[in-house]
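Reading through the structure tokens given below for one structure.
Chain IDs A, B, C and D follow the sequence of writing; residue 1 opens each chain.
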Amino acid sequence: MINKTVHHAADALHDITDGMTLLLGGFGLCGIPENCIRELVRKGVTNLTCISNNAGVDDFGIGMLLRNRQVAKMIASYVGENAEFERQLLSGELEVELVPQGTLATRCLAAGYGMPAVFTPAGVGTEVAEGKEVRRFHGRDYLMEMAFDADFALVKAWKGDTAGNLIYRMTARNFNPVMAMAGKITVAEVEELVEAGTLDPDQIHTPGIYVHRIFQGVDYEKRIEQRTVRQKA
Amino acid sequence: MMLDKNGIAKRIAREISDGYYVNLGIGIPTLVANYIPNDIHVVLQSENGLLGMGAFPIEGEEDPDLINAGKQTITMQPGAAVFDSAMSFGMIRSQKVDLTILGAMEVSEYGDIANWKIPGKMVKGMGGAMDLVASAKRIIVAMQQVNKAGESKLLPECSLPLTGVRCINRIVTEMAVFEVDTEAGGFRLLERAPGVSVEEIRNATAGKFIAAGDEPEMVL
Amino acid sequence: MINKTVHHAADALHDITDGMTLLLGGFGLCGIPENCIRELVRKGVTNLTCISNNAGVDDFGIGMLLRNRQVAKMIASYVGENAEFERQLLSGELEVELVPQGTLATRCLAAGYGMPAVFTPAGVGTEVAEGKEVRRFHGRDYLMEMAFDADFALVKAWKGDTAGNLIYRMTARNFNPVMAMAGKITVAEVEELVEAGTLDPDQIHTPGIYVHRIFQGVDYEKRIEQRTVRQKA
Amino acid sequence: MMLDKNGIAKRIAREISDGYYVNLGIGIPTLVANYIPNDIHVVLQSENGLLGMGAFPIEGEEDPDLINAGKQTITMQPGAAVFDSAMSFGMIRSQKVDLTILGAMEVSEYGDIANWKIPGKMVKGMGGAMDLVASAKRIIVAMQQVNKAGESKLLPECSLPLTGVRCINRIVTEMAVFEVDTEAGGFRLLERAPGVSVEEIRNATAGKFIAAGDEPEMVL
């Protein structure tokens, strides 16, 4: 067993420098690598390209990096929850590439599976198709989309072991497994870190080969974006 | 009488058949879940990675790890399954999802749809909408027939940036149900909201309007 | 919940007819759909195209279909365990397309994920590349390989529920999940069929949306191909 | 003294570094696992879908659901993980596996390899070999230097159908260790088996042979 454990976020991210490209797991605020994002804020690295489905909210998640002007370019599918984001975008401070959600996920998968490009019908005939190769298969048009090439992937799992194996919980899984596969260096923060041999090999969502550093996170806030409830019947 | 949002949702629910896997978008589509008849079996897909989405949780039982694509806290049905985003859009792209219901800002008479961007004004992003409209076997749009300025949103062609091309099969508005002729072009009237006349609907349709004149009222 | 349960293999395969293309899960004899194969033998459907990593052994697995002359074409990566196979191949009775194992898996994945084609470096410069498009990305050559288009996928899981959700056990997983995604109609046989709601949603390997029919198999032989052991220390 | 199969495996084991993920092919490569030093941490990948392959099971504890790519019954190490075939070759293709060790029928002086087919005689198939040689970061071939007829298997070019092109970095045979110059072409002698002379090795190498003449004996 190869031990992937590091002490904390500062250790895990020590070699992230200005100008790097980062994949950040999560959907909205669900399943985001809170400890890693806090550490990026603390380090103050700038000029980052962040690839993530969303951009957090004004004061949480990637929103903290935006507020701190650490992000030069954001690649995302939906950024509607973030007023500061919209301000920076409209003022030209922030470069943005909006990518269909399935295309975003599949470009991660492509990187993790060593496929340089993939075909998807999403965006055919729209401005997303501009500058991209369109190819017809079986009478239907597809865009050729390129695999992501990112320096780091920062993901959050529920449980992990010292070999880097990861298990996610419910819809906090989302982009985390595909981003974990796609980073040149992948850092995983987990709510509970256990010894290798503790987790059932059949239940691993991300095999440790894809994870370079793992640590047990602290102080998870797990903020809820849209609290919707019903009354007890 | 124009339908309210719940009325539109209720009418759309009648388009859902037993055994369907359905993806519901944000807004009116979310309300459709409330009107699915109890005697049919339907599984709701949430594109953030869940099959078998259930109702909102009982107060105090919200779980931050369990949300839908609108970031709302939800529950799971018995038989639910969780998966990652690549598989989620994999099943959408391979047309395992039978029906997609989503909102729109504009639809053209050829079934083009615009619902993700207003240049210079709004930059929220397309989320999963472009994937869904490009791949879905069957798409129903839930929308208002006219905007706040009183202008029709059923147009000869979309003025806003497109989400997808020639992909919308059916539209349910506060006034009517339409079938879209994506080949020849045109909004074919199928049903009227109770008490709304063909002429009223024609006047609220900017794109090519097709009606025999004897279209029935909706059964809700 | 949508109920996918059928009574037995005969029900599940009632509409398989001569000349169809079938995906069959398993690696060697591990994780093969034993009940489905037995039923194909019993039905006597012929002129089948079978896509499977291996071709079984002479008297078990797909080998039984070969012996019975039910297979017109075999698409596989490795067929070395089967003398009858070799005989039919050399005599020209059987058409064979040999496909690199990773390409085989990825062409299933492509079908399950709605991607018409994928790029892989496997086979570049070899006879596998003949007639295929070669494309260079980042200075490296890749073959464009097409998604499979199969009428049925027949897979074997350990546990399944009435909603069609599947869980595999150890390396009996292999090709089963990717083939389950790739069939126009997917039939799953399981060792244990439970009520929907019994399995943990986080531990499902194949979500039920990909499975059209499920039944609890009987009389599993689970033959071991190469029994290798060590002595107790 | 020519090495036997275990000698070749033992020499190859010295190429494995701490922290490596390694894929071992069928035959001599499988034996390499027996010689990995206890003080380094290595994870064995089996391309049928396992990381953390362990030893053969104790008699009576074989499990038909747990095999390696050679269809042999095996065990799992603590920290093992199981996955499907698409992910297995995904991690191979994305070069997460550090080292691949496999057998060969022929290798050319440019590092081409043939190991899957003898036209008209043998049609076993390539299994995962074509994927592995096309993608691996580093490949070591374990093979006999000469075939049963006494002919060299280290050739100017392969006569059999290729498995991969310009992909072999290193070869360990019963006689020697070679580095392959995939750019200029040539088998560069690095080490000799104990008691085997440079001339003997040269005579058993049909392709371009490169040696300074003072190459050391292997340390086993």
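Criterion: a residue touches a chain if its C-beta (ideal position, glycine included) is under 8 Å from a C-beta of that chain, and two chains touch if they have at least 3 such contacts.
Note that the structure is a prediction, hence the values are computed from the model and not measured.
Trainee: Quick one: which chains contact subunit B and subunit C both?
Mentor: A
Trainee: Can you give the shortest number of steps from subunit B to subunit D, where adjacent chains in the path must touch?
Mentor: Graph distance in the chain contact network comes out at 2.
Trainee: Tell me which has more C-beta contacts between its two chains, A-D or C-D.
Mentor: Output for the comparison: C-D.
Trainee: Using C-alpha centres only, name the chain that sits farthest from subunit C.
Mentor: So the chain farthest away from subunit C turns out to be B.
Trainee: What's the distance between the Cα centroids of subunit A and subunit D, rounded to whole Å?
Mentor: 37
Trainee: Using CA atom averages as chain centres, what separation in Å is found between subunit A and subunit B?
Mentor: Whole-Å distance between the two chain centres: 28.
Trainee: If you average the CA atoms of subunit A and of subunit C, how far apart do the two points sit, in angstrom?
Mentor: It comes to 33 Å between the two C-alpha centres.
Trainee: Where in subunit B do residues touch two or more of the other chains?
Mentor: Only 50, 76, 82-83, 86, 89-90, 92-93, 135 qualify.
Trainee: Give the residues of subunit A that touch two or more other chains, as numbers and ranges in rising order.
Mentor: As it turns out, subunit A has residues touching two or more other chains at 106, 113-115, 120-121, 168-170, 173, 201-202.
Trainee: Quick check on the complex: what are the subunit C residues that touch subunit D?
Mentor: 27-31, 53, 76-81, 86, 89-90, 96, 98, 100-106, 108-109, 120-128, 158, 168-178, 205, 222-232
Trainee: Show which residues of subunit C lie in contact with subunit B when the two form their complex.
Mentor: Subunit C residues touching subunit B: 1-3, 111-115, 161-163, 165, 181, 195-197, 201-202, 204, 207-210.
Trainee: Any idea which subunit B residues touch subunit C in the complex?
Mentor: 19, 21, 41-43, 45, 50-52, 76-83, 86-87, 89-97, 135
Trainee: So in the complex, the part of subunit C that touches subunit A is made up of which residues?
Mentor: These residues of subunit C touch subunit A: 106, 113-121, 137-138, 140, 142, 167-170, 173, 201-203.
Trainee: Write out the stretch or stretches of subunit B touching subunit A in their complex.
Mentor: Per the touch definition, subunit B meets subunit A at residues 46-50, 55-74, 76, 82-86, 88-90, 92-93, 112, 123-131, 134-135, 161-165.
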